[in-house]
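What follows is a group of structures, each given as structure tokens.
In what follows, chain A forms one complex with chain B and a second complex with chain C.
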Partner chain A sequence: MEKLSFRLTAPRCAGGTRTQAIVGVVASGNLEVLLERASPADMCTIDIATAAHGFGAVWDAVVRDFVARRSAGGLRISINDGGARPDTVALRLAQGVRKIEEPER
Partner chain B sequence: MSDWGMQKAALAERLAAGDQHAKGKMVPIANLPAFLKAVIRSGDRVCLEGDNQKQADILASALANLDPRDVHDLHMVQSGVVLPSHLDIFDKGIARRLDFSYSGPQSARIARMLFGRKIELGAVHTYLELFARYFIDLTPNVALIAAVSADKDGNLYTGPNTEDTPTVVEATSYKNGLVVAQVTEIVDKVPRVDIPGDLVHFVVEAGRPFYVEPLFTRDPAAITETQILTAMLAIKGIYAPYGVRRLNHGIGFNTAAIELLLPTYGERLGLKGKICTHFALNPHPTIIPAIESGWVDQIHCFGSEVGMEDYVAARSDVFFTGPDGSLRSNRAFCQTAGLYACDMFIGSTLQIDLDGHSSTVTTSRIAGFGGAPNMGSDPRGRRHPSEPWLKAGAEADPDSNAALRRGRKLVVQIGETFGERKAPLFVERLDALDLARELKLDLAPVMVYSDDVTHIVTEEGIANLLMCRSKDEREQAIRGVAGYTDIGRARDAKLVEQLRQRGVIQRPEDLDIDPLDADRSLLAARSIKDLMLASGGLYRPPSRFRNW
Partner chain C sequence: MTTAKADNVSLSWYEASARQRIDAFVDAGSFAELIGPELREMSPHLAIFDLPEQFDDGIVVGRGRLDGVPVLVAAQEGRFMGGAFGEVHGAKLTGLLRAARALHQDVLILFDTGGVRLQEANAGELAIAEIMRAVIEARRAGIHVLGLIGGRAGCYGGGSLIAGTCSRLIVSEQGRISVSGPEVIETNKGIEEFDSRDRALVWRTMGGKHRYLIGGADAFVDDEALAFRQAAIDALKTMRGCDVAVLEAEQKRLERRLQRFGEAADAVEIWQALGIDQPTGIPALPTAAFLRAASNRENADDAR
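Right after this comes the complex of A and B.
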């Protein structure tokens, strides 16, 4: 298991009022993303535990794009990765910020 | 000059040789080895019917069992190299030269045999191109074909898988070649005459159906959320703005996802009747929900699909069917329809380079082309206008005189940035180039050329190559949708952003596509069983796709 941590300045704050959201599942080729409102509004922290070693540079690119393109300020994001492809990771992160801005049902 | 009529005389000799082993036109299966030895000559050009799906398997085995001392140096001209016996013929030294189109199931072995110089390669063709050459310089001396049934006069019924048979027979029989058919059974009267008996010289009753491959069945259970996102991008970002009504779909999971999103996502966008009304398409099981919800007016088919027979017969308002009720497919006509009468081709590939050339060849696999390069190309002989064709032409060349401007066919390559076993879709250099060098080919086997492709769709977005004005813009547009592949990560971020501002690149967020919609619940059918239920029980999936 490899652990990676990022603390990034976020241009836009996450919408909605939910305190947390979870998307995805831990499975081979998939990942679970937990999002919590637990960072300063202009920051996003991301902690990753991944089964695949040696992909730090790709993770760096994926999470930087995510924070730049989506509204991720104020979030602490924990990722439990089962060796997902980067496109799956990017989709899950995008789904996560959309889910936390949805009204509670 | 008194030597005219030599081909007719040679045919008469072959017929006389064959008659020794036949009763009328009927060759008892026990006589097949001696019969083939008698009618096939060394050096003959032979079409062993190997279609995309239907295979003359009994005749293929019998041909492969000939003694190379009796028959050798055959030149095989067949669209599909599909069965092991198709290559055994070369391994044993019975055949030497090969011209073909598609070799999906044998792609690894054919590559090894080409590298081992076991096969002398003529060329890898598109279907329509090989069919064309049947009438010019690759006319068969002998055609070994497959049908469902025959009567005693040799009239043939092909059933739904007519495919290549009329084309092969036309080229062979009318040019003094010999036509031999294997059929499941001999009957008093065939259900419909697909091939007239006077073009068929001999018939072998096989006693069992020919081999047919379910090539186009994509299990909805295997469609990923990334594929659903990519499908939404294609529908909202290409199908809708161009108003694509007449089109061809490739056979991958991405286009299966599009078919399954029409009744859900497409309906929500109000696109029913505005897109996807007329297809050149095999009867994909995944198109069932769209047909059942009234999206599709008409479909012409290259071939059939195992399990779809009853469904197609019951939907003759949509499909082309014969007086017997079953599907009439025809690969040559459908390829022509896909080329000239469709405004869009959309399909997947294995590798795309920085110019936009795409190829399904890797150094260890040569799968051939099939029909994709034909449908995935801009037909320069087209003259009728249509809204998508004119719009694409205007985007490519906005400043020219509209009345003199060619339209453009939409040629869309769709896929995830990483394919099977995390192989990147985007590469600096196509494997096809290494293959061409190794085999000393004049041409690298490119499936869709860069100047034909108009759009590339990945989960990261759509690149509209029609709107690129320089080689550099084109390269950055491709890099800009190449995700986290090495090609994607080496993009010029500033130029990519400029391309996005101009609408050359569109991302899901630019098209208001909600990532939460990228969920399997959006598929109109989520399993093979759902497809069967949607068809009212008319679709009968082959056992390998049944898990209930």
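Right after this comes the complex of A and C.
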């Protein structure tokens, strides 16, 4: 596994009150994304364990784009990756934020 | 009563993830996960092989309500390593079954598994044995353990052995139950014995319809989460329990079944012997017509 860590300044804080959310599955070309609340509200940390080595620059671009576009502040995001393409990663990250922002029942 | 309602959304059981199945299956909003992904209880073996891990090790366990009744639920994620049993995956299910005895709550196992994870074979095999023991101990304490089978990975290997110890099994057409999977049989016995790429052969040998017809499953439902839910609610109301009389009756039934169908070379011959009018038409029948055609099926009745 290659392990990557990012700690980025987030322009917007994630909404909602859920303490955690999980989306996706670890399978070939897929990944799981676990989102948890963590302070401070203007930071987003992303820890990645990926089966595909040598793609650090692509991950860097995808997670920076995600934090810039979505409400990722106050989140600690952990990823187990089974070799997903960048578009799949971006989709799962977006789904994850949407899920943690869903109203609680 | 809002507490006893499911999410009223059509959901293919076959297509859904483990978490989607649970959400659609139990009463809306009632599920509380135990040992959730945030605890990161992952396999201690996969890293040795440099294989990716999953935070829940491929199984979701927890408590919820089914038609208002508290139950314990486990759902395997068939897309993570084929839903296979490893050390942690198995321990979560063993623990849930032991909790069922202490809490005196029935258990629902949403199978989706190819069997034991080869990378942790010894731990996985031990887990299967522990789970089977825990199922039997729970059943002897009066707990019902219900198996639901209709996922992508089917219910194979050690998973099918566990299924064999359950009180009742609910299966869809898409579900498959067998100890050895198609590719295992082909590898060991040759393509003349079993062509694993012949999907019609796979389904009429291991699929839900055949298992229902020969008493290998107790209820047959559409590939719908709400159909599985209703069948489970109905089953939990009608089960008998597990004693020597049930097991002896089942042993006799299995001996009779072997005598009756042991010479059959193909499932269609068995369906013919069951007295089904057009046995070759069985795979194409929609659920209602199939259930009518299945009126003379073998019935396992709380053991198999």
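Here, the second predicted complex is superposed on the first by the 104 of 105 C-alpha atoms of A that agree within 3 Å, B and C clash if a C-alpha of one lies under 4 Å from a C-alpha of the other, contacts with A are read in each partner's own complex, and residues count from 1 in each chain.
Heads up, the rule we're going with is that contacts are C-beta pairs under 8 Å (C-beta built on N, C-alpha and C of every residue); 3 or more make two chains touch, one makes a residue touch a chain.
Quantities reported herein were computed from a predicted structural model and do not represent experimental measurements.
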Once chain A from each complex is brought into register, does chain C clash with chain B or fit beside it? fit
Where does A:Arg69 make contact in the superposed view: on chain B (first), on chain C (second), on both, or on neither? first
Which holds for A:Ala90: it touches chain B only (first), chain C only (second), both, or neither? first
For A:Ser78, decide between first (touching chain B), second (touching chain C), both and neither. second
With the two complexes superposed on chain A, say which partner A:Met1 touches: chain B (first), chain C (second), both, or neither. second
So, does A:Val26 touch the first partner chain B, the second partner chain C, both, or neither? second
Quick one: smallest Cα-Cα gap between chain B and chain C in the superposed arrangement, Å? 5
Go through chain A and flag every residue that touches chain B in one model and chain C in the other. none
Tell me, which parts of chain A touch chain C in their complex? 1, 20, 22, 25-27, 30, 32, 34, 36, 49-51, 78, 80-82, 105
Residues of chain B defined as touching chain A within the complex: 224-226, 229, 416-418, 422, 458-460, 483-484, 489, 507-509, 514-516, 518
Residue positions on chain A within touch of chain B in the complex are 58, 61-62, 69-70, 85-88, 90-91, 94-95, 98-99, 102
Can you list the residues on chain C that touch chain A in the complex? 17, 19, 28-29, 36-38, 47, 50-56, 77, 79-80
